[in-house]
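Going in written order, the chains are labelled A, B, C, D, E and F, and every chain counts its residues from 1.
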C-alpha cells in the first residue's frame, strides 16, 4: 500500500510541508488538510516548490477545508484535486510526515 | 496614566485550524466595549482571517468571518494588514472582505477599515501603542 | 478495513478532533471498522462531560459520545496523559483521592498499551493532532 | 511596577504556564505587584483540581494555588474559554446544570472584561502562550 | 498479517517547549514491552531531544534525556537521525548523547544506536515500516 | 519604554523569529525563551540573519532555557547574553512579536 503523507499546518507558519517533501518517496501521495490546505494555493511563495515536487508526488487537498477558508477558487495548481472526507478514507490516509 | 489606552491586537493565525482567531475576536469586542482605542493588525497567516468567501457549511464549525464586518459599529476602524504577508501568500486587497465603517466626523461617509501597510510602517505603529496582544 | 484512530489535541483549540470526527463518520459510512479511538496528549480533554460550548457552536464531546453509542466505538483516554491534565473517572477518582470525576459518556480510561494494541491489530493507524 | 499576566496554554503540553510561574515568582521577589493572572484559551486548563501529575514531575496547578495564597494573587479563568473546555466552579455548575465542578483552590471564573481591565490598570501586560 | 510489526516513531519536536517528546518516549517504552520491532527517527527539531548536556535544574522540570540511554535495554537499537536536520542546526553527531546498546548476537559487543542518515535514505526506511507515529 | 519582543518558538519550526525581525523597530530588544532559545545558537541556518539584525536590535536569551536544552555552550554569537528570570522582569518583558 502506497504511503499517504498528510500536512495539516500552513506552509507559511510551520516547517511541516518542507519535512514532508524531504521524506516522501517517489510515487507517494500528499494530502493537505486543516491549515495545510493553504499549501494548495496558486501564486504563493511555496507554489513553485510544490510544482517541482509534482514530478515525484501526487498532491490533493481536502475540499471542506478549502471551502471553509474561502480559498477553493484560489487553490489548485495542476494536480491538486479537492477531495471529500469520503475520498480520504478510500484513498487511505496514513499520517507520517 | 491616561484612562484611554491604545490597544493593538495582532492576529497571526489562520482561522479554523486553531481557535486563536475566534477567541481573539471575542477579546476585541469586549475591549471596544470598554471605550478603549482598539486597533487590529493582520500579520503572517492572520491575513487569512479576513479572506472573503469563507464557507464552513461542510465543516460543522461556525463561520465567524461576518463578525469582522461588525467591527466598524464597535468603533474599531483601523485594521492594518501587512503587505509583505499578503505578497508571500499571493493575495491582494481584492481577496479580502470589503470591511467598511461610517465616519461620524465626516457626515457618516462610508470608508475602508482596511489599510494595507508595509512591515516598516507597521513597526512604527507598534511603537505607538500602549498595549500589544498577540493571537 | 480495520482502522485505528489517535486524537492528540483537545476539542476546541485545534481542529484535530473535529477532523477526526469527520473522518470516523466517513469511514463508518463507507463500511470500515473503527477498532478504537485513542485519546493522547491534550486529546484526553475530549473526554470531559463538563464542557458547555456556545449554543451556536459544535459540541464535540457530545458528538464523540453519540458516535460511540450509535456505532459501538471504543473511546479510550490515556491514563498517564489524563492524570496530568485532570480527566478522571470513578476508578481514577478513588485511586487518586479526588472528590469527583468528569469523564464523559462512552469514554473509558486505560493505558498506553491500548494504543500499541490498536497499531498491531489495525490495517491502518490514522493520527489527528498538532 | 504593576504587572498583568496572561497564560494561554494548559499546564503540561506547552512550557508557557511554567514560564509564567517562574516569571511571576521572580517579579514578586523583585517587589513588583502582580495585579492579576488571566487564564485564556487552553490556559483555563491550569485551573482544575483534578490533575494528578507523576510524583517526580512538577505540579503546576498546585504551584499556582500556592503562589496565589502566599502572595494574594488574583487568578482569573475566562468564563467563555472555560465553558468550551470544561472548567467549572460552583456558580457555573448551577448555571449550566452540571453534576460537579473541578475548579482549583485560588482560581475564580469571570469574564473577558477582567483581561481588558488588567491591560488598562497595569503598567505592563505580559503574555505567555503558544 | 505477521504478529510482529515494524514501528517507526518519528520525533519532530524540541524537548521541554512542548510535552510531545516526553510523551512520545512513554509510548516507545510501552511499544517495546509489546515485543514489536520499535525504531526511532529524529527529524527537524526532534534532533534536539538527544543533544547532550541537558540540565533542567533551573527550570523545575524533569530532565528526561537520560531515558534515551535506557532504550538499548528495551531492544530499541535503531535510532535514525536525519543529517539534513543536524546540518541546518549546526550540529554534528559529536553534539549528541553517546547512545549505545549491547549486541546479543555479537557477544554483547557495545555498539552505537545512533545512525546519521540522509533524508533520501530515511525516506526509504519510512517505506519499509508497518506503523508510523509522529510526535 | 523601549519595546521588548519575545520569541518562544524554534526558528527552525515556526516563523515567529522572522516576523519579529520584520516588525521590530530600531533600538528594540529581542528576548529568546522556551524553544525560542535555539535562535541563539552559533553556526545554524538562521545565525547570519540574526547577526545582520544586530545592527538595529539587541538580542538576549533566557539562561535556564538554554541550560535545560544543553545548548548554553553552543549559544552566544556576540551580543546574545544569557539572562535569568530576574533580569527578564527588570529588563521589561512585553510580548509583541
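We adopt the following convention: a contact is a pair of C-beta atoms (placed from the backbone, for glycine too) under 8 Å apart; a residue touches a chain by one contact, two chains touch by 3 or more.
The structure presented is a predicted model; accordingly, all values stated were derived computationally and were not measured.
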**Complete:** The chains touching both chain C and chain F are A, B, D, E
**Rounded Å distance between chain B and chain F, as computed from the means of their C-alpha atoms** = 27
**Request:** Find the geometric centre of each of chain D and chain E from their Cα atoms only, then give the gap between the two centres in Å, rounded to an integer.
**Result:** 35
**Fill in**
chain B residues touching 2+ other chains are 16-20, 44, 59, 61, 134
**Prompt:** Using the touch rule from the top of the page, what residues of chain F touch 2 or more other chains?
**Reply:** 8, 12-13, 15, 34-35, 64, 94-95
**Fill in**
So chain C residues touching two or more other chains come to 12-13, 15, 22, 41, 57, 80, 84, 125, 127
**Fill in**
One finds touching chains in the pairs A-B, A-C, A-E, A-F, B-C, B-D, B-F, C-D, C-E, D-E, D-F, E-F
**Item:** Residues of chain B defined as touching chain D within the complex
**Value:** 1, 3, 5, 7, 19-20, 23, 26-27, 30-31, 33-34, 36, 131, 133-134
**Fill in**
chain E partner, complex, touching residues on chain F are 8-10, 12-13, 34-35, 38, 41-45, 47, 63-65, 67-74
**Request:** Under the touch definition given earlier, write down the residues of chain A that touch chain C in their complex.
**Result:** 8, 33-35, 64, 84-86, 88-90, 92-95
**Prompt:** Which positions of chain D touch chain F when the two form their complex?
**Reply:** 15-16, 19, 22-23, 25-27, 29-30, 32, 124-128
**Prompt:** In their shared complex, at which residues does chain B touch chain F?
**Reply:** 10, 12, 43-44, 82, 84, 119, 122-124, 126-127, 132, 134
